[in-house]
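Report on the structure given below.
By letter and in written order, the chains are A, B, C and D; residue numbering begins at 1 in each of them.
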Amino acid sequence: MAEAHVVQQGVTPAAVGWEPRIIAFLCYWCSYTGADAAGTARLKYPPNVDIIRVMCSGRIDPELITTAFAHGADGVMVCGCHIGDCHYISGNHKTMARMPLLKRTLVDLGIEPDRFVHEWVSAAEGEKFARLVREVTERVRRLGPLGWPQRMRERGVGCGMSLEPWGA
Amino acid sequence: MVETPGSCSGSGNERENGARIGVFICHCGGNISDVVDVKRVADEIGKLPGVVFSTTQMFVCSDPGQGLIEQKIKELGLNRVIVAACSPTLHQLTFRRTVARAGLNQFLFEHVNVREQVSWVTEDAEAATQKATRLIRAAVDRVKHLTPLDKRRIPIHPAALVIGGGIAGLVTARDLAQRGMKVTLVEKQPFLGGRVAQLHTLFPTGEDARDALKRVIEEVVSHELVNVITSAQILDSEGVVGDFRTRIRIEPRGANSQLRQRASAVAACPEQTINEFDYGLSQRKAIYMAYPGCYPPIPAIDWNVCTKCGKCVWAVGGRGINLAEQPREMVLHSGIIVLATGFDPYEPLYGEYGYGIFPRVITLQQLIRLLDPLGPTGGRLPRNDGEPTRIAFIHCVGARQIEGVNQRQPDGRVKDYCARTCCTGALHAALEIRRRHADVMITDFYQDIRTYGRGHEAYYEQASEAGILFVRYDPRHPPRVEGNPKGDSPLLVRTSDLLTGGLDVEMPADLVVLATGVVPHDISELVGMYHCAVGSDSFLLEVHPKLRPVELAVAGVFLAGSCQGPMDVTEACAAASAAASKAAALIAQAQVEMDPFIARVDEELCTGCQTCLTVCAYDAITRDETRGIAVVSEARCTGCGTCAATCPSNAIQQFGFNDAQVLAEVKALLQGAALG
Amino acid sequence: MSEKTDKAGGNGKLKIGMYWAASCGGCDISLLEIGPHILELIEVADVVLWPCAADFKYQDVVNYPDQFIDVCFFNGGVRNSEQEEIARLLRRKSKTLIAYGACATDGGIPALANTKTVEGIFAASYHDCPSLDNPAHVEPQPITQSEYGELEIPRFYPQVLRLSDVVEVDYQIPGCPPQAERVWEAILALVGGQLPARNSAVKVACFDKSVCDECPREKRKVKIKEFKRPHEAMAEAEWCLLEQGFICMGPATRSGCGALCVKANLPCRGCYGPSGEVQDQGAAMIGALGSILDASTEERAREMIDHIVDPVGTFYRFTMASSDLKGRR
Amino acid sequence: MTSPHVKTNEGYRRISIDPVTRLEGHGKIDIFLDKDGEVADCYFQVPELRGFEKFCEGRPVEELPRITSRICGVCPEAHMMASAKACDAVYKINLPLTAKLLRELQYNIFFVTDHTTHFYALAGPDFVMGPTSDPATRNLIGVVRKVGLEVGGKVIKCRQWGHEAAAIFGGKPVNPINAIPGGMSKPITSEERARLDEIVAFMVEFAKFTLKLFHDVVLSNSQYLDLILNGPFRHETYSMGLVDDKNRVNFYDGKVRVVDPEGRELCKYAPADYTKVVAERVEPWTYLKFPYLKQVGWKGFVDGKESGVYRATPQARLNVADGMNSPEAQAAYEEYFETLTGDRSGKKPVHHTLAIHWARLVELLNAAERAQELLRHPEITHPENYRVLPTEVPSEGVGIVEAPRGTLTHHYVTDEKGIVKKVNLIVGTTNNHAAICMSIKKAAQGLIHKGVEVTEGLLNMIEMAFRAYDPCYGCATHSLPGQMPLRVTIHDAEGAVIAELKR
């Protein structure tokens, strides 16, 4: 069997008390204000989503998202103004094309679709934002830890495998 | 108060690019501290390298709170400041000013939102405390990468251009002029006044619309700082805030002030055309005055209709009419621009509620013209045999439409927004009719009555008292207007009445009035010219509906009136005054200050791949052919950062949001996550 | 111990080594590409290790004192236990260790295997293959018992690693393969001690600009209307391939190659790796590509994107092992 | 490298040659000696695997010529061409004339370059310097020094111009990319044609010169001739190679012909039928598979008519062919067979392993001549016919060319969008894997006897058996060849090292 050649892979099962870690990139004018609206309305949602603010969803470089996963995010959210409502005219049109392309790439690399969510949230849609956070957190929780960093370390990335047997 | 200089002695700071960070965590009088254990957070954060001071405050935004920040900056030589409190949309500016007062660059401040996005949305106190700690930790790593930034300053040419001669444009021009600003007001039509001129009386005061209008026009045209240009069309515009150059084309009026016998000139004209002023209810000549007492009080010639037969010239003995007059072009130099381009009434689709099929189905605007003593019928409603006795109003025509129920508009959308003015407008007109003709029976088909404005509700009460019959229809099954087989009246309105539990109503009518909504006046060429953001309802989009309601994202361009959304006259004037004061304030500064979060190209890294050239919605990126690299125009850049995410060499960076800063946030947030 | 070592050691010439690990050999060939310069090179330098061209032996290398080799060009990534050990050995024996070629710097083509599982790779070779005769389902084993003793082959690693994943690297020379002129320039700079301060991030024998900088084709500043695969349409000769809708990695790829592929009428596939300070070439390209679609609705954007049939294999053709994610889950 | 703790069984000694040098790729030899010091058995191991078959899955098929050319940087054109031909088959494309001409032209020029490299850099040193000469000088540089800088200059010039030609076709001198489904990515201009004419003319002269050099240095040296004819390097196997419709050697296109040890045709198959003829065995002690002839069957590592073991080498190509498609090469062909079998017609196959070097030089001349002929074809610079666009729905296809090291087969299956679902590759060297093992064993048995001191020179002669095949384990394993120089350790019955050979 091929396993004879490989150290066993796969992350250790979800540690007890594991909580999903999700990064959300929000545009300032619509989605961030939408998140504020959820707060002002005292809507409750899980604490697993940490928000990073950018001026426009058009600023959200795919490299930010690959970095997040590579550093141990279990999920990533990207939110921007609805198409047609961009405060910078068409910044979100770029997002509209980048994110599906990025998503296909991530899926091809084995990251489940539910771990990467791209949604439009307007300044008024506090309820939608709260719902989104609940749903995404739940879905990611069901998927379990992604554990990219240790997964790669086990495969020798950055450190080698120093596998016996070999001579010298 | 927790003070923790321990973990970050001098050497430590050097390792942290010399950052000396102060962190101020707000209780917000319990709003935060009731859920988040702020003291614990302050302790945790105090241990982070680079953090030399970490504390909590009851209200950081209070005077003592701000005072403490200033004091600590001076006392400990803080060079980065983090406040964890409410949303930055509320107090970010406050604290930037605070640190600036203490002599620290205001952009070395970072605002963390632990209220709207932590304490108010999280039930579990422990989880909230951890989340707050994470967010502040991310800010700590982020600020290490911050650099001092200066607001951009651009000198402003002290003159304003106001586009649109309706009530909003007029009020804007007046207010600006009264503040001593030089103003040019351009109007596409030959006459000022816009939509208000077509009204009869105004709600809620009932005063005469044209009197009100006349007063404003007087104030405007009599002001020496205002230059009014009618029949003006905008060709193109270049430049940026402080220095706009707008090229306009002035159509020849044909007549001028020397023209004395204006009536005979008009009377002499043999050409007739539809009078858009009366919404097609009357005809006018090729040389015409838009309405009695219009401004300028000089006839204009409609060149699409005029055959240059010369009869008018003969009639006035040749004085004051020049059929050979040529169009002129001129360039207007202004520091700011106000868009007051107004709205158009919604034009029902053919057959919508029988419109276009039955001549007795008219719009509210047409009714208002009919009620006008100076209108096409001298104020009389259309007769059949004897005065019409039954009038039906139908609300929400071309407003609050429902996808799948109402027919799509040419643009593929339905008009799903409330037009706001038609409820009161319709009731206002209905009561006017009742006042004139006690015997008229009026039925009002509505889904909701939204007489929301001050004094507007009175119309509803009066209407009910006046015996106007209200029938509430289900928006999913709007009323149908049909021809009436029985001869008693030409039309039938059918619907089921929600108020009587869905009882089928069949109402004969002599006149059906459609309370139509409003759509923005078509200014697509201006939208392109000024890079305006446009909402899905195709009205112009302000920067922020509450915080910056009359500004466009493009610096130096302002919004006045109903180009921004449905407004009644009161609201349009209020918006206009707001725009005027905003614009005036900007001009008064003599130079404009803009956020420094703009993009810049690293000339070393730019590979000249030109990918960015097509992505800027503001044409702020150009190619320096000699050096073969991209260049960002600081004045044009609005700081969205889209180009930064586009650049495949990371050569474009956005100040305040560069890769180092955002990546530092990402990694800090994920500390520990790596262990699963 | 052989006299030639002393020869190599004694004469004060530069001592260089060339080693090929997990690569196709194109790198060794590319070094031969410096052509006449080879004769110049052997005037100033002694080859003390170049297995494919000279009989210097493992035993020699072991017996060399540490830091004996002045410059060691290491091409290929690390796919198995043997290659890792050799990498460590050569690091020890070399003053300057240079990752040479795309496989050593970014994983190269072989790192596409990081998008598959080891089980899958073995299955495709030894179990599920049309010309196979393997009724007993035999698979190569690290240790096999023969009648006479154990037979051993190296361990196959879970995925391809860059050289810098295993040892400290002093310089990177990107390219599949690196272009000879660039390499010769670098060698001269090296001999003249003009290379920048050593650092595993420093790329030499290449430029800082992107392939577009060397590309003769004209940009018309238009957005992409639709994507085309290279065999589906004839490309217009003078016009930017990307603008024509052929996905070209040029904008996201470091220059130095001379834009050879585009000159041959085919789009760049990114063998020189990311340009500028970019870490993840694929993500950078996605960011750029997503910004220049001529699509006004989400539906249209999706339609267009669906015609990009193999995102990973296109955007990470040569850099899977150096990308943020490094490989498949 | 063998681990110190690898066990050798009671009563045997192990000699490890690890790895063999001056070949492309990595091979390792373990020789076991019994108590009497006779060779008990001999294992040739290939310690690598890369998995192209797997990671090509999911890729668009039109990209495979660009991807599989990275199987081997020494003979990228071979993989590119085989791949492009497989793509053509997948899309059921019939190439326009100019496309065919250009591909075969580029391919023949590549053959010249590749054979040159092998003869001068890899095999040549054994003959020019001598099998047992000082290893320090037994390399290209040594050769150059010995035969003179002027000759060395020629060698380098030939390689350089060869790569310049490759660049004219493919943009890149190494790992070209220009063969695509439907033809070539660009035509050649008449200026480029003129330059190529210059290059090819030189190559023809160079090839003749090299054949002469072989005569002077090798054939006229009685020791070498004796080594070739009577050394322990001969065995009789089937031969395989590509031939045109007149059964003449063709590297780029045609059918694959197989003849038995006596030279009688066993079969002649079209690329698509390869699975009817060839099957591959798997052994646990090497990553490399062992192809054999199905019709004959696998009888283990034995030669002769009953064993399905076959060879696909320059010599095998001459064996299966009735002649060459160019005049000078035909002459060389006849001389070759006359010298080695006495029959200039080529009907009787040659089985002297070391004579493969000679056959390679006959091919060198043929490739150069053929290139010259193709280059002068009037259609060669046609501005449109260099390419057609696919119209059919893609499905499955096989492409075969003769790589310098043997018959190269690419077999792809795709979905209706042209996305690869399955890939199978049988590359040049793999064909010869079994034969190589046998040659080594035979050489070892012939050279190592009780009392004979195992010297470095002796071991190099074992390597020579190996080198004759010009094996490329870059190709063979589609793996990442890593080489380690030769080390010989002799263990005693307990496996302890009793002698460490140093050169």
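Things worth noting here:
As a convention for this text, contacts are C-beta pairs under 8 Å (C-beta built on N, C-alpha and C of every residue); 3 or more make two chains touch, one makes a residue touch a chain.
Remember, it's a predicted structure, so these values are computed and weren't measured experimentally.
Between C-D and A-C, more C-beta contact pairs join the chains of C-D.
Seen from the C-alpha centroid of chain A, the farthest chain centroid is that of D. Centre-to-centre spacing of chain B and chain D amounts to 75 Å, using the average Cα coordinate of each chain.
Per-chain CA centroids place chain C at a distance of 24 Å from chain D. With centres set at the average Cα position, the gap from chain A to chain C is 30 Å. Taking each chain's centre as the average of its CA atoms, chain A and chain B sit 35 Å apart. Multi-chain contact residues of chain D, defined as those touching 2 or more other chains: 1-3, 6, 58. Each of residues 615, 642, 645-646 in chain B touches at least two other chains. In chain C, the residues touching two or more other chains are 82, 85, 115, 121, 123, 139-141, 143, 152, 154, 156, 278, 284, 287, 291. Against chain C, the residues of chain D that register as touching in their complex are 1-3, 6-9, 12, 14, 18, 21-25, 30, 32, 40-41, 43, 45, 47-51, 53-55, 57-60, 62-63, 66-67, 70-74, 76, 87, 91, 117, 121, 134-136, 138-141, 149, 152-153, 156, 159-160, 163, 167, 170-178, 180-182, 185-186, 274-275, 278-287, 289, 291-292, 298, 387, 389-390, 411, 417-419, 422-424, 426, 472, 474, 479-487, 495, 502-503. Interface residues of chain A facing chain B in the complex, by the touch rule stated above, are 11-12, 14-15, 18-19, 21, 23, 29, 32-33, 35-36, 38-40, 42-47, 50-56, 58-64, 67-68, 71-74, 82-91, 94, 98, 123, 130, 145, 147, 149-150.
Taken together, the chain C residues at the contact with chain B in this complex read 208-210, 212-213, 219, 221-223, 250-252, 255, 274-278, 284-285, 287-288, 291-292. By the touch rule above, chain A contacts chain C in their complex via residues 1-7, 9, 58, 61-63, 65-67, 69-70, 83, 93-102, 104-105, 108-111, 146, 148, 151-152, 154-166, 168.
Against chain C, the residues of chain B that register as touching in their complex are 604-605, 607-615, 628, 642, 645-651.
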